[in-house]
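The letters A, B, C, D, E, F and G name the chains in turn, as written, and every chain counts its residues from 1.
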Amino acid sequence: MSAEAERKTENLPQWKKEEVGELEQLIEDYESVGIVGITGIPSKQLQDMRRGLHGTAVVRVSRNTLQVRALEDAGLDDLVTHVEGQVGLVATNDNPFTLYKELEASKTPAPINEGEVAPNDIVIPEGDTGVDPGPFVGELQGIGANARIEDGSIQVMEDSTVLEAGEEVSADLANVLNELGIEPKEVGLDLRAVVADGVLFDPEDLDIDVDAYQSDVSTAAARARNLSVNASFPTATTAPTLIAKATGEAKSLGLHAAIEDEELMPDLVSKADAQLRALAAQIDDEEALPEELQD
Amino acid sequence: MEYVYAALILNETGEEINEDNLTDVLDAAGVDVEESRVKALVAALEDVDIDEAVSEAAAVPAGGAAAGG
Amino acid sequence: MEYVYAALILNETGEEINEDNLTDVLDAAGVDVEESRVKALVAALEDVDIDEAVSEAAAVPAGGAAAGG
Amino acid sequence: MEYVYAALILNETGEEINEDNLTDVLDAAGVDVEESRVKALVAALEDVDIDEAVSEAAAVPAGGAAAGG
Amino acid sequence: MEYVYAALILNETGEEINEDNLTDVLDAAGVDVEESRVKALVAALEDVDIDEAVSEAAAVPAGGAAAGG
Amino acid sequence: MEYVYAALILNETGEEINEDNLTDVLDAAGVDVEESRVKALVAALEDVDIDEAVSEAAAVPAGGAAAGG
Amino acid sequence: MEYVYAALILNETGEEINEDNLTDVLDAAGVDVEESRVKALVAALEDVDIDEAVSEAAAVPAGGAAAGG
C-alpha cells in the first residue's frame, strides 16, 4: 500500500475501511481479478449467478469509490478505468479465458424496453409471425420490417434490421418486440477487463475462437502425419499409410513398366483394355472397329 | 479387338502401322485376317496420335481398384 | 505393354496363351522378344481370368477417352 | 503452431493439457513461452474434441494455420 | 506421433532437431523416451526439408489407376 | 522408404518382420542399415494389419486428381 | 510383388537394378528366387525412369487409407 493510499484510507469511516480491506483481501487471494458489469440484472438473478459461479469465481459488489480505492491500493490501476456504472469485482483462480467463457455462457436473453439503448443490432427474423392479419402488419412496416400478409398470417419476408446498436428503442419498437417475444438483450455478468498474473485482458482478447483452435489441431495433426509419411518415419498411426504408400508405388511402377507379376496382371489387362477403348474412341470409321467397340 | 491390339503392339515397338505389318501380327496369332478391316484400320489411324490417345486412358480407373464404377 | 497386348490378342482369338504363341505374335510385330518376360507373363496370367479383368474395365465409363472423343 | 504441437504431445501421452505441462514442454523446446497464449490454448481446448480433430486431419490435407495457436 | 510433434516444435522454434533436444521436449511431456526411436527420427529427418514435407499431403499413389503409357 | 519396402517383401514371403530379417534384406541391398530405424519400424508395425493396409492401397479411389481427362 | 519391392529398394539406395542385386535382396528375404522372373523384371525396367513412374501415379491424399489412425 502506498503512503498516499494509506493516507486516503485513514480518512475513511471505519465501515468503509473494512470494506476496502475486504476487497483488498479478495484481490490478494486470487490470481485473476476483473471488473464485471451488472447493469440490468435483477438482484435475485444476480444472487443465482453468484451461486452458479461458486467454486470458480467470486463476485463482490460494493460502491465504486471503494472498489477504485481497493484497486488502486492493490496496484491494479489498469482496472480502475473500467469501474463505471453498475459494476462489481470478480476474482478467480481460473484461467481468465475460461472465466470469460463461463460468464458468456451464463448470459440469458431479456426483453428491451422503450428508451433503452440497443446493445447490438436488433433484427426481426424472416418468417411467419404467427399473428393473424390485422393492424400489426402496419406496425411492423412502421418500424422498418419488410412484412406483408400471406397465407392467412403476417409474414416477415426477410431478416430486417430495425435498430442499429447504440440507438434508442422507441415505444413502437418495444411494443412490436414484445408482441413477437423477441428478447434482444443478453443479461448477465459482463466481463469488462481482467488482470491475470499482472497481464491485462480485454474481452476481445478473451473471446477465443474455438473453431479456429479446433482447425489448428487438425492442421497440426495433418502436418505431423505428412512429415511422418514423407520422411518415412513410421509411427503406429502412420504405419498403415506408409504401407499403403509403398504398395501404391510398387503398383504404379509395375503398371507403368508392365511388369509381369501375378498381382499386377488384372490391372495390366484392364489397362490394356482401357487403352484399346481410348484408341478406338479416336477412330471414326466403324469399319475399322470390331463390333464390340462400334457405337 | 485383336486388330486394335495389333496396332497397339506395332505402335509400342515403333513399327509402322501398315497393312502388311498388321496382317503379319494377326496371322501369327492365328487370326483369319480380313483384308478390308485391316485397310480400314490403317486408314482410320492415319491421323490419330496413338500415344496421346493411349495416355488418356491413364485417367480411366483400372479394374480392381475402381470396380463397381 | 506389348507383351500384354499380345496375350490379349491370343485371348480374343481363343488361342492358348503360351510361350510359343506369344513369341510368334511378338516376333511378327518386330519385337526383340525376351524369353524371360514371355515366361513370366505366362506364369503371371496362369490364374487370371482375363475376360473378367477386361469386363471390369469395361464397366467403368471410358473416362478421358470417351469424353475427349 | 508450437503451442498446439505441445498440446498434442500431451494428448498422446495422456498427460493433462494444463498451463504447467504446456509451459514445461515449450520451455524444454527453447520456446520463449507467452503465458497468455498458453492460457488461451488451455481454455480453447477445453471445448475441442482433440481426438476427433486429429482424426479429421486424416481426411484433409494440411492447410495453413488458422488460429494463433 | 509424439516424437514427430516434438520434432515439429523444434522445427518451429528453430532449434536443432537432435537427440538431446528431442529427448528434452519429450521428457518434459512425461514421455518415457525410447532412445532408439529418437535416433531413428533424427536419422529419418536428416535429409528432409521439414517445411516442405509437412505441407505436402502424405500421398498414396493410386495403385489401381493405370499409370500413363 | 527402403525400410518399408523391405518389410513388405518379408510380408509377401511370409517371413517374420523382425529386426534380423529386415536388416538382412536391407544389407543385401547395400543399405547402410540404421538399427534404430529398423527398431522403430518393427515397433510401429507391431499392431498393424499389413494385409489390410495393403488392400486399402488398392482400394484408394483411382486418382481423383488425374481423372476428369 | 516382392520382386518389384526389391527393385524399389535398390532404386532407393542407388544400387544398380541387375539380376545379381535383385537375387541377393530376394534371397535375403527368404524368397525362392526364379531366375526368369528376375531377368524379366530387369528387362521390363530397362528404360524406365523409376522415380518418375513411382510418383507419376495419380496421387491421392492419404486420407482414406490412413483413416483409423
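Here, contacts are C-beta pairs under 8 Å (C-beta built on N, C-alpha and C of every residue); 3 or more make two chains touch, one makes a residue touch a chain.
Keep in mind that this is a model prediction, so the values were computed, not measured.
Think of each touching pair as a link: the shortest run of links from chain A to chain E has 1 of them.
When each chain is reduced to the average of its Cα atoms, A sits farthest from chain B.
More than half of the contact pairs of B-C, counted by residue number, reappear in one of D-E, C-G or E-F; that pair is D-E. Computed from the mean C-alpha positions, the centre of chain A lies at a distance of 63 Å from the centre of chain B. Taking the mean of the C-alpha atoms as each chain's centre, chain D and chain F sit 31 Å apart. Chain centres here are Cα averages; for chain A and chain D they lie 19 Å apart. Mean C-alpha positions place chain F and chain G at a centre distance of 12 Å. For chain D, the set of residues that touch two or more other chains comprises 1, 5, 8, 58, 60-62.
Annotation for chain A: residues 220-226, 229, 232-233, 235, 237-238, 240-241, 244-252, 255-256, 258, 260-261, 264, 266-267, 269-272, 274-279, 281-282 touch two or more other chains. Put simply, chain A touches chain E in their complex at residues 220-233, 235, 237-238, 241, 244-245, 247-252, 255-256, 267, 270-271, 274-275.
By the touch rule above, chain A contacts chain F in their complex via residues 232-236, 238-251. Contact residues on chain C toward chain A in their complex (touch as defined above): 1, 3-5, 7-8, 37, 40-41, 43-48, 50, 52-54, 56-58, 60, 62, 64-66, 68-69. The touching residues of chain G, counted against chain F in their complex, run 1-2, 5-6, 8-10, 12-13, 15, 21, 24-31, 57-60, 64-65.
Contact residues on chain F toward chain E in their complex (touch as defined above): 34-37, 39-41, 43, 57-63, 66.
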